[in-house]
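Look for subunit A in each of the two complexes below; its partner is subunit B in the first and subunit C in the second.
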Partner chain A sequence: MTDNTTKTNTADDAEAAGKGAKAVPSRRSILGWGGAGLALGAAAAGGTAVALRTGSDAQPAASGGDAVPFHGAHQAGISTPVQDRLHFASFDVTTTDRAALVKLLQEWTEAARRMTAGHEVGDGAISDNGELPPDDTGEALGLKPSRLTLTFGVGPTLFEKDGKDRFGLKSRRPQALIDLPAFKGDNLDAARSGGDLCVQACADDPQVAVHAIRNLARIGMGRVAIRWSQLGFGKTSSTTPDAQTPRNMMGFKDGTRNIAGTETDRLDKHVWVSEKDGPAWMTGGSYLVARRIRMHIETWDRTSLAEQEDVFGRDKAEGAPTGKQREHDEPLLKAMKPDAHVRLAHPDSNNGVTILRRGYSFTDGTDGLGRLDAGLFFIAYQRDVRDGFVPLQKNLAHHDALNEYIQHVGSAVFAVPPGVRDKGDWWGKALFA
Partner chain B sequence: MTDNTTKTNTADDAEAAGKGAKAVPSRRSILGWGGAGLALGAAAAGGTAVALRTGSDAQPAASGGDAVPFHGAHQAGISTPVQDRLHFASFDVTTTDRAALVKLLQEWTEAARRMTAGHEVGDGAISDNGELPPDDTGEALGLKPSRLTLTFGVGPTLFEKDGKDRFGLKSRRPQALIDLPAFKGDNLDAARSGGDLCVQACADDPQVAVHAIRNLARIGMGRVAIRWSQLGFGKTSSTTPDAQTPRNMMGFKDGTRNIAGTETDRLDKHVWVSEKDGPAWMTGGSYLVARRIRMHIETWDRTSLAEQEDVFGRDKAEGAPTGKQREHDEPLLKAMKPDAHVRLAHPDSNNGVTILRRGYSFTDGTDGLGRLDAGLFFIAYQRDVRDGFVPLQKNLAHHDALNEYIQHVGSAVFAVPPGVRDKGDWWGKALFA
Partner chain C sequence: MRALRSSAVAAIAAVAALTAVSGCAQKSDTKGSDAVQVKASDDKCEVSKTSFPAGHVKIAVENKGSKVTEVYVYAADDRIITERENIGPGTKAEITATIKSGSYEIACKPGMKGDGIRQKITVTGGGEKKSDPQLDKAVAEYRKYVQQQADETIPAAQKFVDAVKKGDLDEAKKTYAPSRTGWERTEPVAESFGDIDPKTDTREDGLEKGQKWTGWHRLEKSLWDDKKITDDDKALADQLMTDLTAWQKRVGSAEITPTSMANGAKELLDEVYRNKITGEEERYSHTDLVDFEANVDGAEKAYDLLKPVASKNDPALVQELDKQFESVKKALGDYRDGDGFKSYDSVGNDDRKKLSDAVNALSEPLSKLAAAVAK
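Our next item is the complex of A and B:
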């Protein structure tokens, strides 16, 4: 198994769709589906792209592309090229029954396998037994797979909560999965923080991401409940010319020097948990930190351009580091103010600390004071939170000039297991083994 | 002047960008902009597409397309083909000075003219005087125009509030701009209802829509304050195969028989205010009703397919009316249950009442009870609210089977003036004349 990367239809897709002779209407086939039974004419061949054919007249599906493989050594949605939209959900486990939780994770995995391949949940897509609720809620029917990825994590409270070993997992908690310390300036809302489980849904179409989370929540009814969720946008790959770094809600380019999904050496060094890191069930996994960072938009908008550029350590129009000409020029840290954001966040100011950032902008309407409730939903992946986000944020929380214009209002940390290897595998299988 | 429709670069664009010899960096030109002054090499020719050239080396801009003309007999964003994303904002006017309000509307119009053409706000785009805040907040730099439309309206409270004629406009209030009556089942949140002014921003990129509202709010500081705002998605023209009707959050196709922007006869009959309707300042305008409709998603998802299809009067997979085969087959109303939504909302059940719907799905995270805060942000345009939304909603509120699964939680009504005719015109000019 290799890393997950975007590609068009694969044997995996056909395999996930095929399930022997059972007919499976899919998002891509529904256009040609008259409600009658289907004959699946797809042939699977290792590594070869296949056209999924559906309908009695065996028309090719409207569009075959844009599914990200679900199976792999690592979960998709981390090193995968960033999609345009996010729906992130944190769940509380409401059942106390370990077997019920395991069954849920198996059902979730099967649903995730189908949805990321562009299919609806359940064998019948929309149930052909009208007396039952449909297997799938239906709002993504007819939409493309849209590079949907679903990335699963487990929070500290799954292992232990209020001193209680809830599911016999306490001894399996990774040392790296610490409870995040309080940082200077934090103003955390408990209702937007923490969680026993998380699922990060990313897709180029918001309706596809929202559909996925909504169906997982539906499947989980009585066993889990959504604790909080967050929609995000702003990675605009479908609308931004290639090689443009997206801008955050402060108007600055963000993520210029991020780890690319193709940099396997940096991923191995900074993102993926290695065998020697332990525990074994986390090998190939990563740790996710999510922070809801509210921006004081109205204050920022009244700040001079010179001050804004000093705060970031970048020129606003081009995105070049202070004193340089182009965005990708090597930054000269000492040319920046000592409290400039780029300078303080740079690995050279943090003993080499490097994290993979995958955040999205958000705008959640307006607060009670007529101010936009907008900012950055920061997501970072790292090999060990203690060597990644924690020392970095300690540094930033104390010194960053940006702190005058932002506030961290939500926080969560999750262990993200390795990828689901094959159809017999499921989210958390090694953890519960 | 004719109706606004989507097209690529036009003389209007070049005109808006040109302003004599003044150099204007644009979203489309910033890639080639090194911070130095620009020579604008575009030539404008009536009706002919022109390439906007920028930079000292006169490179063509990265992408020319996808601007919707701002000037026209009607405002864009009504009969314009629906874009993928919405940011709708309602404003309270905080100044009591009529001249200050007029000046704001002039500034807003100029900013809207620029942003819809794909340019930043202000002559300098990002101010070249570092001691001042930038003219534009910058987060849309490098993005395409994305078919941005900005549609402006005035609410009943602008004319009269608490018995007070605030701006000398009381006598100019259209009779058609009524305060909406209370409807059965309404559960309206005052913080999500009403407003003195509104701007509907629609674009194919959410960052472009959010940027526009945010900059209008910024320009309005001290004169207006956002009362509430709503983000929406779901018209997925960029991701849905042509001719597919989008699905709402209940998984059903929505808007099958809507008025198309090309149906000028139906637009004239049902949407545009005519000269004989009066008042004169509204000729060519329309009336907008916005309703935030929360869906009880979790209850709906536990409802059988047969019940869901009975409630709508449609088949879920194909979208065909009850008893028919294809989505666009003529509905046979009496084949549906008497309380089916499609039957009750049909013009034949409402003495011919027809409205132009332009709603968007929304998902605003989770409420305090772990349920998705999701639904439909309903927007309708009509020639007279008293002959449009009011009788229709009275009928639906009393009889619609869908009421078991939805609740109206926000409401507003606005008079939408005709289009801005030319560069000397501005939002509301005829109203204040």
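Our next item is the complex of A and C:
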């Protein structure tokens, strides 16, 4: 970890002090030493991060508190083993000055580099100058890196909005970055849809994820503004093959056959944009679709178990596909009802369409009518939306028995550029080149 | 509304639940000797018994042939109930499944391909209820009610259609909601005719790509939002009449069972909860409360007919349902206005929440009615 930043602050001083060694202070180590924390007690998380920062495609084996490498051929937070919590934010770019936008992306990248390693942003949370508000908002002090990943994307409106090419990027828009078509049953709220930029923050500690988005939003003020954001608490899919598939808010295991982070062949085939897909600035990137899917929790809960199981095409206890014994048994689609969710979502029912799912459950309190505002914040990554989410959702919107109990209320699509390679690289550099 | 789950589906689900219960009861005393023996060879599929009771069924397969085989149990529509693949020559395998009464086929597939060598089997009793004269009567009465609602809809719809065709905007608006009442009272049955409902009762957001928007809600938009009646609307009015007449003719043949009645009552309240209380159903006319009342009427009718049986099996449930039906009707009564109801856009969020809470209080016990009549 050779973090050659020119800024002077506690973390960097500490880093300099520990250079060559494995020592970088975690936020935890700083806590308790106040602003004078410096290099004291520098051990925990940073060392692991260094150890992990090997090959660009290395699967971080990080557990709960560790750091996930920020640099790599692909952005972290896609094939990375799914963390427990999410804070997803969509931004409108408010400046019309291309140079100002570029500067923001550079600042964001630096802040992301620091936060994912467990450091504070800027001059830290406890600044030397008592007259100034601190650069870092401080609520992550003392918390581990918590496998924080920050994944950055650009939406269709960055390239053209209301017929205007604000940043001279129109000709660089990937063909795969389409405006999603309207699907049957959509009830989309414009205030929860779209956006020029997005950042997906995933971490095992919710406060670490929230801290990251909050600080990026603060850095961006005057240049970008949050359009909408979404907290997610229960991961609903796993990219780790042996892990238990988590249950969604309907009490079912879903997304059992997800692409695993270790399946490089399937990732190359279905998730990463290849050189020949074009445009060049997207090679190694991916396309992200986010859908806020509200669940009609109350009516679902009043549905008989037999019908619930028919709707999914799984048994509720084990998660086994209809007629099978175990969750990971190969599903027998013909054993399911024709409108069963698993049957309709399966690649075999969709000409092999496969996407990487990374969704989270959400509950944003109640909706004013006394109903839980709960559901699934669906996130999918794919090599091309036109061969991924679009045909799949067309099929589901048309036939899925689950539609009786869900409603899509928010939607967004983003092009996620490849990973930040090194210290000199930044989010979107190739796009603005 | 979105016509997706029909009463027929609900009925199947309810029967499945029944068999699941009896399956559990039998599971504990299932002995090896109870298993259905299947001897599979390269050209034969010998089944030890071709008739056995419904519930938890064990099938013991022995592959006596020279090829790897697989064994399937198919329902009448060729849906797979259970299967076991890769049963090697000379090996044995056991398949278990919960099977409800009906006709099935067991297929052995030597070489694991083709339709296999099939043997018809009959699964009897077990999950099947003995016919209960009280329930038979309830079904017959409900069938009568459903037909009567359809019959009464025809003249009401004709008034609406005539007004549209005359281009009489005010009269069309006045007759719109009453033309829907019979349909809304029996919606789960009406929806079970999958080809009619999309033509009559689809909302704009429920359209398939390329589907022409027809029916009540298209006309609703013309009357309240566009505020004019076009020639196209007049043609749509004729079409609506044709579709409703088809429904009236066919509704008597709908599959109705005691459990589909009970689940249908619950589904009517789900409709209220999801589409009426939110104001999504009648987004232009704001006549949601008229539909609301019709849904509750229809649910109450099914409940009343099932009550003699339900009160024997679960008197506490019946007491609670009586109370909650009254409470919902009372809550709704506060918004009565002349022959109809207040426009729903004048009902604020606090009041909508009160209605929502009342519907929740009714729906929760109502979801237990099917089990109470199926005991």
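By definition in this document, the second predicted complex is superposed on the first by the 365 of 433 C-alpha atoms of A that agree within 3 Å, B and C clash if a C-alpha of one lies under 4 Å from a C-alpha of the other, contacts with A are read in each partner's own complex, and residues count from 1 in each chain.
Assume contacts are C-beta pairs under 8 Å (C-beta built on N, C-alpha and C of every residue); 3 or more make two chains touch, one makes a residue touch a chain.
Everything quoted here is computed from the prediction, not taken from an experiment.
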Regarding the shared-chain residue A:V409, is it in contact with subunit B (first), subunit C (second), both, or neither? neither
According to the stated criteria, A:V102 is in contact with first (subunit B), second (subunit C), both, or neither; which is it? neither
Once chain A of both complexes is superposed, is A:I178 in touch with subunit B (first), subunit C (second), both, or neither? neither
Which partner does A:K334 contact after superposing on A: first (subunit B), second (subunit C), both, neither? second
Who touches more of subunit A, subunit B or subunit C? B
Once chain A of both complexes is superposed, is A:L169 in touch with subunit B (first), subunit C (second), both, or neither? neither
Which partner does A:D186 reach: the first (subunit B), the second (subunit C), both, or neither? second
Mind working out whether A:A401 is in touch with subunit B, subunit C, both or neither, as first, second, both or neither? second
After superposition on the shared chain, which partner residues are touched by A:G130: those of subunit B (first), subunit C (second), both, or neither? first
Just checking: does A:E139 make contact with subunit B only, subunit C only, both, or neither of them? Give me first, second, both or neither. first
Contact residues common to both interfaces of subunit A (with subunit B and with subunit C): 298, 302-306, 368, 370-371
Note which residues of subunit C are touching subunit A in the complex, please. 2, 4-5, 9-10, 12-14, 16-17, 20, 78-83, 97, 205-209, 263, 266, 270, 273-274, 277-278, 280, 349, 352-353, 356-357, 360, 363-364, 366-367, 370-371
Subunit A - residues contacting subunit C, complex: 181, 184-187, 296, 298-299, 302-307, 310, 323, 332, 334-335, 339, 368-371, 394, 398, 401, 403-404
Please output the residues of subunit B touching subunit A within their complex, sorted ascending. 25, 30-31, 33-35, 62-63, 87, 89, 92, 125-127, 129-134, 136-144, 146, 191, 204-208, 210, 214, 217-218, 221, 225-231, 233-234, 236, 238-241, 244, 246-252, 297-298, 301-306, 308-309, 315-318, 325, 361, 363-366, 368, 370-372, 374
